[in-house]
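Each in structure tokens, the structures are laid out below.
Across the two complexes that follow, subunit A remains constant while its partner is subunit B and subsequently subunit C.
And then the complex of A and B:
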């Protein structure tokens, strides 16, 4: 499957076979809403949006080596900002644009402040301190949302209307797909840029990047701001899809979901988040459907815990990382033969 | 002539340990100075303190009239210091090309020309240009590490034990490389391999228990067996 490898590599070489494969895949993706039901269409829309949440986490975990336990603050923040603005100011396109602007500013400012506190240390203790400080930020966000019930409706959740053009589920599918493609291209450009290269160097060894002349804290801040904004954008799309926000979106569990998407898909691969999200969401959906067979399947988190442990133990590079590793092995074997 | 690099009674700690307790040295433009001493004397810490990776707790570090003493490493390097660490310091997850690109503090024509020149000097790297650094041999990694320090127009290059862990034939290659660019660059070399130190160095400083205890020309040290025995614990054949 060298074609798939080419797609998954950072700089794909597109031959005729690749174009044919991409073309067929694109046709399939485009006609899915017309050959399946609304449930599948909505599930796929959800996967496309959450994949960006996962990718934004991969910028931090996979490309910069940062463990952010408060990342849901950006995603949930985006959803809440859109929801509150729609419910208070009206569900129009103008308000959506305003919500996008406010969310981006919110994410950039919160990420900057969070990073100023979280990136003070270095080495292993620095990683732990970063995880704890970001966890604290996330909890502050969640607690604030629960306290400000007047705006957020707390744990009960906030239901709201969305602009007319996003109300049709099939159209929403295409918007989510477009969002996934656009954000993937933007984030791919970012990780392949000189800044992305420095982030990978920081992930490898913070100190080495410093003696090459890079202010590693500044670069980590850039990564957090970009990841936060991408996550907030995904949060807005999630608001348009679900028309609902509750404090669950801001919990550490929500952050751990993003971590799960990247770990299952493969950290440091960017595209891995798409496969990871698809795997996790489809597995969750399938397990829930099995509830009729046995009650244990309603406890799908148990199975997820098991999947998480198995992936970490036996497939630490995730689906995409393992595939690329195996393909490299096959290629070498072929050359040797 | 003013020294290009001057350390005046520099001290530093690693955790609770007082490693440098008064290192003073001067390096003049165009010369190669070798720092010698027994294991644990503070040679590597001296280089790391100059760079700022280990913060100086006392004394002064001056490079070309700029005070580096309290500067963070990312700024120190931008004053014109290239550093080749003992463990090569290259990024395994990046290709040779990306390792060189990341080392380039500017991407102007002058720097690109310098990179091309460096690749002519290190033909192995040119052949492995698109390969991941993790696939390079020890000698190639050392070459890449040195090449990275040469792509910028650095005033001075600090090199920490370039022969460590390398096969004799590779050590010879590294020595030849250092001799080639010694003509154009000011070098501070920490080296346990006395033969290499003698081949490359013009002057030496000996560090013992975190202090500079002796300095002179390499010829003086080579000719004085008593000095070698007393400070380095061996005598050259």
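And then the complex of A and C:
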């Protein structure tokens, strides 16, 4: 499918067949909530929202070459801020707007402080120090949520009501879809902007970018702030979908989920996160259904870790990256012949 | 005053345990240039294996030896199958060791169940000494002694033996060492497994101290060890020893006076050191 490649490579030059395929696909996406049950609808909404969490990670891992092990802080932070505000101040649209505002400010400030310390080093030791320091930041977030029981209900988790317009599952599906499309366009704009290009230069060679006169730390900070805000936005949507927040959202495991979405989909492709999230979520669901056959299938984390290690070792480019690579090879062979 | 003395001993004992993890991490980082996020898992496995063997044999020394052996074997397997393909690729190392961490944490839960398993101290070290108003737990003194012995042993191994010489040369120039007819890969595997065994030893000794073993105890201690590594200066063995003592004392004192602040204090301490001295207290160049 060379046309699919064109879309993935962000230069759509589509033939009529591809337009038809895309049109049918779009129609299918739009009518899915009316032809399937609530379970599928909710699962898809979940995928759309988590895909943005994954995509925000791709800005860091795929476009800037940063490993942030405290990324869950932003996502979980968004969910908790929305949840706490809904349960304390009422579940109205005004409060939602306020929650969006608060969590954006929260994400920006936390990302800024985190980056100030995490991006001190450069090169080999810089990457390691960054991973360790962000891990420590993430644990502070989880620890805070566990100890501030008065607001977060600690490990029991926080259940809350959401504004009326988000209570219908089918409508929520469309909001999630809209959110995915809007955020994808925004983030795509960001990675293709001049700033985004500098980030890619930093990813490819930190030192060279520095010698070219770019303040690499400043650019990394920008990437972290943008990724943090996108992730917090996804966190708020997740709150609207699940109406529940627990400390699980703030653990390293939560960060690793986002990391898995991007590496399965393909780092540095942005769209990869959508495929990655869909793959991981569907695999998780499928395995849980196999639970009746053997108890081992209920141990999702075993499979999670195994997929993770295998992808890093044998398919480092992920689904989309590998597809693009194969496609390239196939085209070259065609030209040669 | 007696509280001060008691906290000092608690802190040193805590520091000795953190040191067992941090020393392994530090040497692996210094020689192999690998950052090992499986350390927390090896710590957990050390704890579980020691409890398991202890319940079967009733012998504390055998339990400890079994835990160390388990850590060593796991280290060898990890190095051979998962670390060796990604030497030199820091990002892949972080990702792979994190993934292994998830798998083996869940495996521990699969084998030993999700609930904490209670553990008791060996009888011959369960007592306390009372000197004036100060109550000293024998087990904590034992931990401090173990920490000192391990530090001396590592120092001797690295600086006084032929093996240590090869290791130090390997940090400088692995290719040259290989060219001289020494199989540096064996040393790499040995160092990784040795570090893993130290982490498992830490886990096995930690369990009797806190009285139970659970699968979540790895991450906390791993983060403390990471803080020590950065605090002391990456790849510096002395740095990790001094850092362990500082963090151990901090944890002991803060958790005595106001426990909820413990996590914040250790991280704040780290940020403070990074602000004042970005390369860490004993920072030096790590193999690039």
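The rule we apply is simple: the second predicted complex is superposed on the first by the 331 of 337 C-alpha atoms of A that agree within 3 Å, B and C clash if a C-alpha of one lies under 4 Å from a C-alpha of the other, contacts with A are read in each partner's own complex, and residues count from 1 in each chain.
Assume a contact is a pair of C-beta atoms (placed from the backbone, for glycine too) under 8 Å apart; a residue touches a chain by one contact, two chains touch by 3 or more.
Bear in mind that the values here come from a model prediction, so they are computed numbers and not experimental data.
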Would subunit B and subunit C fit next to each other on subunit A once aligned, or clash? fit
Should A:196 be classified as contacting the first partner (subunit B), the second (subunit C), both, or neither? neither
Just to be sure I read the superposition right, which of the two partners does A:312 touch: subunit B = first, subunit C = second, or both, or neither? second
So, does A:77 touch the first partner subunit B, the second partner subunit C, both, or neither? neither
In the overlaid three-chain picture, which partner chain does A:228 touch, first (subunit B) or second (subunit C), both, or neither? neither
By the touch definition at the top of the document, which applies to A:207: first (subunit B), second (subunit C), both, or neither? first
In the superposed arrangement, which partner chain does A:62 touch: subunit B (first), subunit C (second), both, or neither? neither
Is A:272 in contact with subunit B, with subunit C, with both, or with neither (first, second, both, neither)? neither
More subunit A residues touched by subunit B or by subunit C? C
Superposition-derived angle with apex at the Cα centre of subunit A and sides reaching subunit B and subunit C, degrees in steps of 10: 80
With the two complexes superposed on chain A, say which partner A:125 touches: subunit B (first), subunit C (second), both, or neither. second
Would you sort A:147 into first (subunit B), second (subunit C), both or neither based on which partner it touches? second
After superposing the two complexes on chain A, what is the shortest C-alpha distance between subunit B and subunit C, in Å? 7
Residues on subunit A engaged by subunit B in the complex (per definition of touch): 194, 197-198, 200-201, 203-205, 207-216, 268
Within the complex, subunit A is touched by subunit C residues 29, 33, 35, 82, 85-86, 90-92, 94-96, 98-107, 110, 219-220, 223, 226-227, 229-230, 234, 260, 263-264, 267, 270-271, 274-275, 278, 286, 288
Write out the stretch or stretches of subunit A touching subunit C in their complex. 65, 67, 69, 117, 120-121, 123-125, 127-129, 131-133, 135-137, 139-140, 143, 147, 252-253, 256, 259, 263, 299, 301-302, 304-306, 308-309, 312-313, 316
Please name which positions on subunit B make contact with subunit A in the complex. 51, 53, 72-75, 77-78, 83, 85, 89-94, 98, 101-103, 105, 107, 148
